[in-house]
Amino acid sequence: MAGFGSFLEVLISGLLAGVLYSLVALGYVLIYKASGVFNYSQGAMVLLAGLALVRALGFFESQGIPYAAALVLALLFAAAVMALTAWIIERFILGPLVNQNELTLFMSTIGAAFILEGVAQMAFGSEVYPLRMFPKDAWILGEAYFPGGILINKLDIWGGVIAAVLVAAIALFFQRTKTGRALRAVADDHLAAQSVGIPISWIWFVVWFAAGLVALAAASVWGTKLGVQFSITFLALKALPVLIIGGFTSVPGAIAGGLIVGAGEKLAEIYLGALIGGGIEYWFAYVLALSVLMVRPQGLFGERLIERI
Amino acid sequence: MSEPKSAPAEALLSLENISLSFGGLKAVSDVSFDIRKGEIRAIIGPNGAGKTSMLNCINGFYHPQQGRITFKGRTRKSMRPHEAARGGIARTFQNVALFKGMTTLDNIMTGRALRMKRGVLWQLLRAGPALREEIEHRRFCEEIIDFLEIEHIRKTPVGKLPYGLQKRVELGRALAMEPDLLLLDEPMAGMNLEEKQDMSRFILDVNRRDGTTIALIEHDMGVVMDISDRVVVLEYGRKIADGVPADVQGNQKVIDAYLGVPR
Amino acid sequence: MFYREAGQFKTSYAADMAIFPIRQDRIAMLLLLAFAFAGVPLLAAFHVPPFNSEYLLRAIILPFLILSLAAIGVNVLIGYCGQVSLGSGAFMAIGAYSAYKFNTGIPGLWLPPLPTLASILLGGLMASIAGIVFGIPSLRIKGLYLSVATLAAQFFFDWLFLRVKWFTNYAPSGSVSAPELSFFGLTVASPVEKYLLALTFVCVFALGAKNLARGNLGRQWMAIRDMDIAAELIGIRPLAAKLSAFAVSSFIIGVAGALWAFVYLGSWEPLAFNIDRSLQLLFMVIIGGLGTILGSFLGAAFILLLPIALSQLPAAVGLKISTATITHLEFIIFGSLICFLLIKEPLGFARLWQIGKEKLRLWPFPY
């Protein structure tokens, strides 16, 4: 039974880690679904949000403000930073690029990623800053059934809760609000949306701000896990396979993709890694994503395009 | 109206009981007709009658669920688009499908792609046989360019051309394939009278001079009745009439389909 | 005034199809080539500034040439065939490590150490094969999905060359050094010799790529890029067109990778070919101009020189800034310039060059 116990532990920790990837992937889906832009700078936004949060928290605490109040203030400050970022990106980068093709927009977000990384580190510093928003200890479950029990991190559970809240909020936003419907129109066709009077710049600001808030949520969890540091931007690369497995446009897809990648990665590392060498976590998710795409080129939950001529 | 042909030529292409649907939507149901060698065959009907779907079945872009297609004596259920192209079927599209980043000349040269045989290594050197081949096909394409009177836009990227000229370039690309069967999907849509006259002249010339068989979809009844040998009429995916222009013009069902009758 | 083509009539299709149909362009190109092949080595030999400095040749011109070559390869795939790849760095790595293995001999396959030139070309061939394998998904996957999927190649090969010690001949540090470079008995060691070597490769490959791009194969690539469905309907096989683009592109990138490792770096580790390299190459072709050979050179020059210029600017102006701040400033300025260029001229430097030439034809009369 030890084998099954450890399998279960690996599976559960993988699934929970996957939810954390989904947190980052949600930011991409939001922007792609709403503006047709593939936002490479999502990772940089997580870094910026995390740095703003952790440095503001430190500042407010050093002023003698109690932790809870300081945390609220710091969250508000970081949200304001993300709002400013959204405004600047819309005003100076995406606004002038309306109606350009996907590739140009994608490249411009790589440019934006460089700018954000530079600005974030210049303004808030470039060291590793520990964050302790969430508990980092673990529960041990099922000791009666398995020797040693199953280890579950409380942080991962928090990540799951936050992801669930975000998904519900985003779904409501897209389906039930006027802005949400306008967003979908803009994603379909910039020009057509403009011509029926949808204020595209306002829409883009809203959606980038929302993605900024998602980045803030991701930063609070990942920052607790790893400390806020530059390498957090590499999360972007971790979230991409999640994104293509789920489909660029699907919110549930981002969650499902995260679960698949998280579980697959951990299981592969333990069982396959023993055969062909360690560190396969590095590429396994991508090969998994590639295989999914070979079967379903639009991802598991993506919308299928009918080719016409 | 063109002269009736002396003896009915053999069928180049025949379609038997073609049915095509997308999910629950029936685009074409149980349509049969043939296209004879050397004729101009018009397919007409109101919007959404399944005309373009019919062409898409012929050149293999859609695969009909039922029916048989016989082309040059070979019968099959469906084929891949590039097989159809190799077999000698070329077409133009309702919404111009040119390669927008390429020049007029390059667009027409792509029509010769199947006939250029020199290997990659010769192309790499662009000398000897590869250069001779390139020049030989360039000469062929220049003849088409002269014929279509588009010399002045030879080196212009087609994305920048007005719609009427794009339609002409697209015809040029199809002609460069030296097809046995040329499918034209609304070649005169959105053109003014003079442009329509030019286009009709090109179509008739191609048919008379090269003996190319042509199937065309067109909404301008004047043009259809003038240049086509036989007309097939579709409505709601069904064939409602088939015959020489004069017969079709007098057919009550066709008149009803176009003018609408209270049902 | 100097740029008039009036009176230059073409009397054959061959003349009309030349790379430089205008006489002034041909003369300028010949002068440039003469200067690059003969002028620069002579100036360096006689210690004429700025060519007397080893730094210029070794640290600026050499990487510029090799990365231009890689950019040409990337441009074949992205600019001509429209298949966006983020895995170019991996194909450079395949070229480099394969060339290294061929050059040092593979006893397991009874292969003796091969000469440098053969090793480099075989390195390109290996990259080409890998390119075909990783190009197969492009038949089903399109657009951005494909570009993300190409990252699979990037991360897989990063890992492979880091973890599988066979590729590095079990070097304990994981870093490998290229053996001495020799071509038909000639040893290439000094900066000028390395420069000439890279220059020769770049010129030969640029001409070959240009020839392919304006021939039958190139037209098929562009047809697939502009409208893949229509291309298929006129008889172009997407399979053959896309995979040939992957093969040619990866071959060029692989050779560039081998040169980068052997000629520029000398000794290297997998980090030299990571995702940053892929993105750098992508920037070069987009800023330079998609679907133009000239753009590959312009883009490479810009992307390579910009950071060098940025890092030397503060010192030149006399400002004292900490190195960390300089790094961050570089990030910001680089990102801003990229965005600025994309907004101002989405078609890249090659387009600006063309506009400039058209203006010159009329100059000094503005009508």
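Letters are used for the chains, namely A, B and C, taken in the order the chains are written, and counting of residues starts over at 1 for each.
FYI, a residue touches a chain if its C-beta (ideal position, glycine included) is under 8 Å from a C-beta of that chain, and two chains touch if they have at least 3 such contacts.
Bear in mind that the values here come from a model prediction, so they are computed numbers and not experimental data.
Peer 1: Name the chain with the Cα centroid closest to the overall protein Cα centroid.
Peer 2: If one averages C-alpha positions chain by chain, the most central is C.
Peer 1: Give the label of the chain whose average Cα location is farthest from that of chain B.
Peer 2: Farthest from chain B by mean C-alpha position: A.
Peer 1: Averaging over Cα atoms per chain, report the distance between chain A and chain C in Å.
Peer 2: 33
Peer 1: On a C-alpha centroid basis, what's the spacing between chain B and chain C, in Å?
Peer 2: The separation of the two C-alpha centroids amounts to 42 Å.
Peer 1: Would you mind pulling out the distance in Å between where the CA atoms of chain A average out and where those of chain B do?
Peer 2: 50
Peer 1: What residues in chain A touch two or more of the other chains?
Peer 2: Touching at least two other chains: 309.
Peer 1: Residues touching two or more other chains, restricted to chain C: which are they?
Peer 2: In chain C, the residues touching two or more other chains are 229-230, 233.
Peer 1: Which residues does chain B have that touch at least 2 chains other than itself?
Peer 2: Residues 61, 93, 97 of chain B each touch two or more of the other chains.
Peer 1: Quick one: which bits of chain A touch chain C in the complex? Just the residue numbers, please.
Peer 2: Residues 38, 92-93, 96-97, 100, 102-104, 106-108, 110-119, 121-122, 126, 237, 240-241, 243-244, 248, 277-280, 282-283, 286-287, 289-290, 293-294, 297-299, 307, 309 of chain A touch chain C in their complex.
Peer 1: Taking the touch rule as given, give the residues of chain B at its contact with chain C in the complex, in rising order.
Peer 2: So the residues of chain B touching chain C come out as 59, 61, 81-82, 84-86, 90-91, 93, 97-102, 106, 109-114, 116, 118, 120, 123-126, 130-131, 134-135, 138-139, 142, 173-174, 177.
Peer 1: Would you pull the chain C residues touching chain A in the complex into a rising list?
Peer 2: Touching chain A from chain C are residues 84, 137, 140-145, 147-149, 151-152, 155-156, 158-159, 162-164, 229-230, 233, 275, 279, 282-283, 286, 324-325, 328-332, 334-339, 342-343, 346.
Peer 1: Which positions of chain C touch chain B when the two form their complex?
Peer 2: Touching chain B from chain C are residues 12-14, 17, 208, 211-212, 214-217, 219-220, 222-223, 225-227, 229-237, 244, 291.
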